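This is the structure I have questions about; it appears just below.
For clarity, chains are labelled A, B, C and D in written order, and residue numbers in each chain start from 1.
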Amino acid sequence: MVRPRLILVALAALLVVGVAALGLERFPPPEFETDYVRPTTTAPNPPQGLWEYVDAGVLAVTLVLATVLILRTRNRKLIFALMLFCLAYFGFFRNGCVCPIGAVQNVTLTIFDPGYAIPLAVLVFFALPLVFTLFFGRVFCGAVCPLGAIQDAVLIHPVRVPRWLESGLRLIAYLYLGAGVLFAAMGAMFVICRYDPFVGFFRLSGNWEMLVVGACLLLIGMFVGRPYCRFLCPYGVILRQLSRLSRWRVTITPTDCIQCHLCEDACPFGAIRKPTEPWPNKEYQVARRRLAFLLVLLPVLIGAGGWAGYELRQWLAMVHPEVRLAQRIYLEENALVEGTIDASDAFRALGRSSDELYAAATQLRDRFGIGGALLGAFVGCVIGGKLLSLSVKRRRTDYEPDPASCLACGRCYRYCPKEHERLKRGREGLVRH
Amino acid sequence: MPQRNDDVTRRRLLRDGLWGACLAGIGGVAGFAAHKGQKVDWLWQIDPYKCIACGNCATHCVLEESAVKCTHVYGICGYCEICFGFFDPEPLAINEGAENQMCPTGAIERKFVEEPYYEYSISKSLCNGCGKCVKGCNAFGNGSLFLQVQHDRCVNCNQCAIAAACPSQAFRRVPADQPYLLKSVDHV
Amino acid sequence: MTQRQGKMDSGVIITVLICTALLVAIGAVLLVDATGRRGSGLSRVYELDAVRLASFDPNLILYHEVGPPIATGFERSRALALGANGRFYIAGDKAVHVLRDKGTLEQVIRLASEPHCVAVSAEGRLYVGLRDHVAVFDEAGQRIVSWEPLGERSFLSSIVVARDDVFVADAGHAVVLRYDKTGQLIRRIGEKDPDRDIPGFIVPSPYFDLAVAPDGLLRVVNPGRTRIEAYTFRGDLEFFWGQNSIRIEGFCGCCNPANFAMLPDGRYVTAEKGLIRVKIYDADGVFEGVVAGPDELVVGGAARVFLSVEDAEASGFDVAVDPDGRIFVLDTIENTVRLFVEREKG
Amino acid sequence: MADLSQQTSADEPRVAYQTARTTAKVAGTFAIVFLALFVSNFIGTSVIAPLRENRLVEMKAELRGGDPTEEQLADIRQLDLQIRRNRMWRLDFAHKSGYALLVSVVLFLVAGKLARVLNEPPPRPRSIPDVGAEQIREARGSRWTVVAGLVTLGGVAALLITSAAPLAFVEAKETGPSYASMEEKRLQWHRFRGPDGGGVSVFTNIPTEWDGATGKGILWKTAVPLPGNNSPVIWNDRIFLCGATEQKQEVYCYDANAGRLLWTGDVPVSPAATQARIDPMEDTGRSASTMATDGKRVYAIFVTGDIAAFDFHGRRLWHKSLGVPESAYGYASSLETYQDRVIVQYDQGDGSEDLSRLYALDGTSGRIVWEVKREVPNSWTSPIVVEIEGRPQLITLTDPWALANDPADGAEIWRADCLGGDVAPSPIYAGGLVLAIEPYSHLVAIRPTGQGDVTETHIAWTMDEGGPDICCPVADGQHVYLLESHGLILCCRLADGEKVYEQDLRDNFTASPSLAAGRLYFLSMDGVMTIAEAGPEYKELGKSELGEKCHASPAFGNGRLYIRGLENLYCIGEPVAGGRAD
């Protein structure tokens, strides 16, 4: 019986229709009679990979130096000088890429994309500042980070940001971190890098929109200390939490606090916390009830966040080019939009089937469902945790920097009379020797 | 107050535990990433078989003058007298006059080799990566002209702005030891 | 501070400044075209408007497509020949498929390498041009003989069987080879020879077609000069015609027509690659009309022409004509054979 | 710097401060100037340059017409050179002004900072009377901002979640595939003779009495622009049918409730068809094939072999020609849908030329999903897709085969050699049997459970006391009713094919009989509907006249009956039907 075989052949024929021809062969170039020699194509080599390791080395050295300057020497001028060096080196000289902030995404992509792995240098960029923070607080932010440095350098006339506003704005950074990690994990885009406001200055070139954003942030940064670090930086979010646990950290006074109040306004980043005073009894009762309520609220917020994130998967997925393309192709195929765009033209020219695209996009959408749920839960957890931490009474007897918010810039040292005492002792000691 | 002391110790223990966990976490992530093989750096490059020469390369690069430029693989070139990468689709005459050239920046040089062959080469300093010649060469010629990221210019952004804006998703990360995706010349 | 008033003022100014900067920054972030949705923003000099370039008067279309296309069954179809018995011989991948009139696959002749061209003799023998040699098969698909390979550089692109001769176009060497039916090379035709006023073929891409016209002369495309040249079997150049133009009456690009066929009355059917179009020229090479333009031949029409590298490389459609003057087009993008017949006048 | 100020005398910082301030001002001014230059250069690049470039394009276009003069060429070259020089110049300028801007900004910052440091007041703590209260206030304020943030986030999320999600393609996949299921189709009349093509309505509230002359019982009546013998198909509140002349082929969509023509779709007559001069028999007409819908799209095919798909809003999704069919009386097979495919039975020729095909076309694109070649001559039956033992079978009748294919891939399941001649009545599936009619000859029942050639093994029974030449059978589970075109009703037992009764209606019929709520509906060519009770004996329940000639089979909706007359479409039923079927 011939028929079934024919059907199979017909089916096979139908299957290959629409698949663009592959395996192109090259046709020989002309044979020249003259002694013309075909030039070879020049493809300039990339800069040597060695720089990466130099960068990693410089990072390590500057971190050590920063630690010493901040925690032992306690000299703002030297810290500032180191900061300027890092700005010049990592920023203007090395063009600010890859920086530890962006490296978060590279690490995320490494975990989720089997075909991607990061070079050692990027890994060092990601991990070293974290380790240093875990030991010594945010010394990276204080003196090494070029993004921090450029903002620190423009801070001319600091104004106080009310604490309530600061608490609210800080949430943006958490959201940004969550989104950055999610989109990196999905292989959609490195949003943190695409929307880096300062890298354009380092390169003296960039998309004008981001240059304007950077300029605006710097303008704001002349009055509000380090706005990107405090309210946007996704890496800062991680550093904040690690810094809470740090073994050693910045203290305003080298010895004991004498409660002189002089350092109160010293910090342009609002990181100095005053000693606490006992609450009225009534407040305790209210606080206890509030705490209980918030403890119950926390899981609710996590759950609600997870649910909302899952429900938002279709919106989140639109960041992925594949999903956007699928959407566009669907609209075009069903005559819901007029005309074509470059992306849909390219899709058709490349001969992929739309079903395949839809399947891929749907799969991505589902992955965004999981990712979105995790992101939502994370945001819920952050907000719940934030509310909890704002409802707990902390005990402080001295003026001290909040370990999470302190950017280790060393500005406050000279406000402390004890520090002056120490310096004087040091000078005398020097003379004695 | 023994009670308070207890409290303090417990808190310290918790803190130390957390501290250790964080350190271990960083170590774990770093270890995982480090053990994934692939120790070379990544660079951005265009897959010439996916590129549709839409022109985004010319304007979306973070550099004022795009890092993407036309590349010519001579081994594929037919050395045509009438090159559709060089000449306007409706040339007034077959000569190098500006009115007959396709390239808006005049970046293609046409040089007589021998009857009837002409050599075409790209002046990289003039090319802005618009891809107009690529279209012409693909459609009519052998496709010896195509766009490539030039790594002497590329600043290797962690997220290439052109890649994000590429309509055909032709950009991809390539290992730094194979920085170009040149069309192959099987016969050479 | 010395002046309390001044400080107040500066506070207001700073707040206003910060708020303005914030608004501008948010606006700029929203304006960032991270996904390329606004396109390149290049001016018109950078445009290559395929649709405009490919447009022509639709009244020039003299043919229309009939029936559904017939699938060739190949991933890459190369060449089409018609047998005397209404059979299609289609070369592609690593085989020749023999199809009966309405597309029934009758026979599969498997080959070791990719065939580039195919021709059928009146006796039903099948001549298949592989990269560097010709293989001959009998009617049952059994290999009879393989002719001598022509060397590393050769790239056979077309083959035609006359009464006593077999003509093979070698694109790699840019020469036409005249064989007798036993595979003896008789003559090399069309090599550059100023004494005989033969300019030589320019073959920049793997398309180099030939045919034997009803007037007994050989017609060969000189693709690099975008014209068709007529040779005697002895290799004398008699005449040529064809002009380079993207307009409908010319052949466009660096090297066209990619393929052609002769109608029984001596007119030409030409197929161009790049801007894919099949056209009719009369026996003197005067443009007569269009069989089908890019819009009829390619999904997506002319707009797609400049986009896909693979399409462009696969766009050398082959044409064949049956004794009734019906035109069969081998669609090498969709891998089908499509039939075009003349429209009724009026 | 602070140390410096402490060590020097009182005047020096003052002077230094003034100097720094002036420097900052000067540097700031320069920065603004350079910024302005930078921006103007940017504007030049993005606005002025393109204008010039467009001018160049225009100049080139002007020259293309005639013979260019030397001056014209010189002009173009001049402009071209200018553009390219300008481009390089601007690039260079952008670079330089960028550096200048950077230097001036740095200078401004340094000077400004210096001025600030030199003029810095000594630390002076603010005296806050009640630190505790302030801390409580601060904490409360912060909590509220966080809550505000939460509310904002929640609001945005809620807004996005409740608004239409952007991913239509997944949506389409999620709400089930982009086609209606067989269960959904069961409640509609999605093809010729309704679900399974059996002519049986699931609704029990079908009207039994009307009168075209007085308008009694007739909900609405609307003219159909072009003629056609195809029957209406129904999907919820839309009625679809089509009509054609030699020049035009149209698809109509009517509102089921008011009879309003919602849209008209145009199916171009392919040039091949124009040329072929198709001349079908008058009884067939140019639009005999009934449309079919998959719940998302409707499909129509005409005698020319032109087939098209429309969405429910009247947008034509695709159209193509399957080649002009060679059909003795004119192509008349109706369409069927399976999932998102449209099934076309395309039998043509005399069987010797291998022309006949069974196609499954992709509903969204018209692409051929599969096709089966069949060595059979032209036929006029319509395909049905029915579920048999949980597996869908596509059943078609040809000469001489009754065939079943897998609608998923076209693979043949079984075939039975049991028919002959010009087969026209379509198959039905009832009581576990496939019933097929050979006109003027016999009715055959096949058990559709076999594989391969089942002629010998799976023919349950044959009833050879004649068979209708046009009308399809209808069955109620117990009996099968045949209607011959001259009016003879033949009732047989479904189980064994034994004849139960014969009844002559003495009228002419082309419409197939239908069954609703245990009542048989016979629509004569004169528009007279005879309604009889289904059962072992003939019991007429009444006759209703439409007053217009009818060739097409009626369609049954929820409480409604749709009849296509030669010129009008009628809806018979109560003004407000008892709710929608779904």
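By our rule, contacts are C-beta pairs under 8 Å (C-beta built on N, C-alpha and C of every residue); 3 or more make two chains touch, one makes a residue touch a chain.
Every value quoted in this text rests on a predicted model; they were computed, and no experiment measured them.
Common neighbours of chain B and chain D, listed by label, are A, C.
Farthest chain from chain D, judged by C-alpha centroids: A. Chain B and chain C have Cα centroids lying 30 Å from one another.
Annotation: 45 Å between the Cα-based centres of chain A and chain D. Chain A and chain B have CA centres that are 24 Å apart.
Centroids of chain C and chain D (each the mean of its C-alpha atoms) stand 35 Å apart.
Counting partner chains per residue, chain B shows two or more touched chains at residues 52, 54, 56, 60, 64, 78-79, 90, 104, 142, 161, 164, 166-167. Chain D has residues 53, 95, 368, 373 in contact with two or more other chains. Residue positions of chain A touching 2 or more other chains, listed in rising order: 6, 10, 14, 25, 27-28, 30, 157, 189, 191, 194, 205, 207, 321, 341-343, 345-346, 349-350.
Arrangement of the chains shown, judged by which pairs touch: all-to-all, with no pair of chains left without contact. If you check the complex, the residues on chain B that touch chain C are 48-49, 51-60, 78-84, 89-90, 102, 104, 116, 130, 132, 135-136, 138-143, 146, 161, 164-167. Those residues of chain B lying in contact with chain D across their complex are 64-65, 88, 90, 92, 97-99, 104-106, 126. Only residues 33-36, 39-42, 45-48, 50, 53, 202, 204-205, 224-226, 244-247, 252-256, 273-275, 305-310, 312-313 of chain C touch chain B when the two sit together in their complex.
Within the complex formed with chain D, the residues of chain A that make contact are 3-4, 6-7, 10-11, 14, 77, 153-154, 156-157, 162-168, 171, 175, 201, 204-205, 208, 260-266, 274-280, 283, 301, 304, 308, 311-312, 314-315, 317-318, 323, 326-327, 329-331, 333-336, 358, 361-362, 365, 379, 383, 386-387, 390-391, 414-415.
Remark: chain C residues 1, 41-47, 64-68, 100-102, 104, 343-344 touch chain D in the complex.
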